[in-house]
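Both of the next two complexes hold chain A, though its partner changes from chain B to chain C.
Then we have the complex of A and B:
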């Protein structure tokens, strides 16, 4: 019998019992897919984490877990550490090690993180405005491409910051922000974030606000204390929840700016010498802030992932052996059931080699189909790894 | 042995490469096709920047001449242009109120009064308010901001600008420093001239029409109680009563200082009660004629004329 005939007979048998064939293909494909997918996911995750960490030379933040600080600053995960003070940030800036970029990522809007920062952040991440324009004032924001697509938001729309707790009426200040632009995608956590001026996050925090002119006799709730040059505003004085051309001049800050909070600060040293000096400056055990090398923190995280990966791979290998054993059993039983069919082949002149080849071709078709399916699934995993990682982190 | 001749293709290629490199360097350091832009929030800062960098940079100063730069509100497009500047010169001391509500790049922003920030003066007599019980009362007026009327402070601001220019454009540093010497000499002459002119006024208080002369008064040891008058406003009986109260608090004043030429009838009204009007322009905005130096020289001349 020619090879075409053997393939035809094998195919006919496999398609005659489609459920059995599909189950076999799927079982073998999954057995091949899981360990490889885990490897690919962890490898891609490591690459993605390291790429972003590499473009963030140094981080300064409050003392605590360096991984929490790094993930919060790079992936805008919920802030676990206490805040860094603005005084600490100013001190870092004054030391002139290089470019300092403030980061404040405590708040959210439409489930997306609101990142208070400076214009230098956009340069660091090479973020370009795709449509609209860059922020120019308090209350302005630019949003990531993915957020724009997901929420159907564009330049000219508004987005409101979310209260942290709906029952905390005196808590963070919901602020309606003007979207001035949408950023071009860079396939990182930036694509799903809202970027504002650092001072805007302080307005959301309630450290700055705008209200009616209290010296205006027409303003309700502005009684003047007799004998003193002090006006005590009561609850009827209207505070603005949106910054407009008309009320922007009324916005002002309260308290000592040195105590205002930040999540962290990115430091881009001018050169290796400044990097070494910066690292040395934060070695003091009494320092209230720590300096972290994000790449080291991410490498530590990757090492933990690798340890987990080794355990998972061992488990997958055992499962794989069991699954392949089961598949072999299915084939053997199947061939046992088809003994009469094989006898018929022998009676019409097929030799033992031909019958063996027929069986081998059937097994090969199933295995190759499973391998192709597993390969496709692994490729899909590779392309989705970045998004999956972002989702896991958030 | 063959040598590359001056006109050979290899020499030409090397020349083209080296020219390209020079252009790149020039562009990155303020030369070439990209002319650096230096934004300033007040005219004195723009003037200092022009004196120090006019041959290699363009000074961006867009405040209309009929507006006070301290309270001018720029539009979004103007902010976008300022954000792109290679250097942004701020006065500090809460001058240019818009700065606190706009987004500016920290790396290129220079607060020119930072070297004397511990000597900035708080404004007095403004209405304070609180929002809730127990909160400390505060006002939104902040600090006195006409820092340059003390010419020693003006010199410090000019030096800060020169330092920033030298850091930003290192290849221009020596030129900038040479020009700074000349500028500092001019400012020093103004300081000496103003000290001489004000010494002729004696110890009598000088009443000023607007609260913008705090640093001038401190620098030249002058008692200068302030009103809140504009040069082009018609004086009402209420205004005259306020003036009378100030004269009671600071007796002996014979001189009244205006920011700009007052209405003739106002000069007459003050003259009738024994006050001589004189214009000391703070020159916060670009003058219609002349420049910062000529306006300040005119201020000194006006004071000297009183002594003669």
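Then we have the complex of A and C:
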């Protein structure tokens, strides 16, 4: 027997009909890939979710789904819950359980979430500025490394927040923000986010604004009615959509700050005792806010994922059996069509074992190619799991 | 040398029977077996090659009784010692001319690759198919395909060459040319050449001509 010759003959037949061979390899590879990829993706997702959850001790947010609150605060998924009031946040801060970090994630810019927070967030996540500098005033922002690379943005450029609704003329106005720095990557959702001071998000929300000086007699649209102390501006007064050193002093807030919205607040307790006290403080059923342990929420989510995984695996197994059955049928039919060729080999001088080996080698080449392809695809899935997870969550 | 002695053969569920008391083809001898289509010439060649096994009697090639060899041993013997030219050429469509001719190498004669390849090239030159070395059989005419089949059978320098209508698809000029190559090669190398044919114009080239109907003792039986 000539193993090289047998492999050569098998390869020649497979390469003679490349589309058929490729289809077979792909079908078997997908059969192998899907269940394994699902396991890898869920396992990696669980690790990624848990890692970020562990670094976020406690979360305070409006009552509702703890998973939604956790995903919104950790992965900046679109907000599904009503806002937490700034008064509730201040109350939490006053209780002195530990460091409180505000989170506001309602808005987006260039398809990336705009996160209004405080400098404590950067310390919690160990986020360092890679180029440029940290935010220093209203309207400044720092962006994640991935967003910087994706949109080719760097310190000194500007980024504009997206209006929530094109036709909502009275709603949120876009604010052009100055990028002061790009953060070093930390391979989390932070890499694809825009970070601003909390007050900047309130400006985007329309709770604060800046406009021309109405006391200046030269300002159009701001007529001082004779004898009146009140200045009434009309629609021709120009509102600023960008905060500059020249106009920053004109920005001012309206309304009761206690009603200003937040998405959530992160609480980093000083010690175990403060943690227990904080948790106890939010046990009250009448409380308007809830306190969530992100790790518990993520574990609940993982349990749901595992249940889904079991269901999906069962479906994939059934599909796999069907696909393998189909592949076997293709092989059997192919060998039947090649009976004459095999008979020629036998007449020339190939024994039954050699012909059997020839068929087995062909099947083996296809199966091994499929296994290699599936393996590569699973490795790719493993390396892309974090990114895929972020995409699914957003 | 091919020696056939007192063999009997019958296809399962068929009335056709073949019985040959004695047939001998010496080394360096070219023997033609003639007879009408369907008289059993192909069956006889398959028995001589060890592809079919007689129910009794013996077929020997170079003193080795191939009719008693098992599947694996018989196949190995056939690969090394017997060259076969089939009526339908039996070329492998997905292999190039080169690989069709070198099929015995791929199937087991790896150690003789260089010698077989050199011989294959020489034969391809002689039969006029050297230019088709990398082409596939589907791109060749019937005559060219037949010449590829002849090159495949002869390139291993077998001691016995069994050919079933090897010139059936060739024009008169090429018939003579190809047959001369086969007969001269057989004589030069001391090969035993047995050709089944009904081409009477070419019989003068053979050392011996056997009427198959005289060979088969069951002349009165139906055709297979």
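The criterion applied here is as follows: the second predicted complex is superposed on the first by the 365 of 394 C-alpha atoms of A that agree within 3 Å, B and C clash if a C-alpha of one lies under 4 Å from a C-alpha of the other, contacts with A are read in each partner's own complex, and residues count from 1 in each chain.
Rule of thumb we're sticking to: contacts are C-beta pairs under 8 Å (C-beta built on N, C-alpha and C of every residue); 3 or more make two chains touch, one makes a residue touch a chain.
This one's a predicted model, so the numbers in the text were calculated from it and none came from an experiment.
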{"item": "Which of chain B and chain C A:118 touches, first, second, both or neither", "value": "first"}
{"item": "Touched partner set for A:285, first chain B, second chain C, both or neither", "value": "neither"}
{"item": "Which superposed partner A:341 touches (first chain B, second chain C, both, neither)", "value": "second"}
{"item": "Chain B versus chain C as contact partner of A:352, first or second or both or neither", "value": "second"}
{"item": "Touching partner for A:5 - first (chain B), second (chain C), both, neither", "value": "second"}
{"item": "Contacts of A:16 with chain B and chain C, given as first, second, both or neither", "value": "second"}
{"item": "Chain A: partner with more touched residues, chain B or chain C", "value": "B"}
{"item": "Interface residues of chain A shared between complexes with chain B and chain C", "value": "none"}
{"item": "Chain B - residues contacting chain A, complex", "value": "73, 76, 79-80, 83, 97, 100-107, 125-133, 135, 137-138, 140"}
{"item": "List of chain A residues in touch with chain C within their complex", "value": "1-2, 4-6, 8-9, 12-13, 16-17, 340-341, 343-354"}
{"item": "Chain B partner contacts - residues on chain A that touch it in the complex", "value": "93, 99-100, 118-120, 133-138, 140, 180, 197, 199, 211, 214-215, 222, 229-233, 237, 243, 245, 248-249, 251-254"}
{"item": "Sites on chain C touched by chain A in the complex", "value": "49, 51, 71-72, 74-80, 82, 84, 86, 90-95, 99, 103-110, 152"}
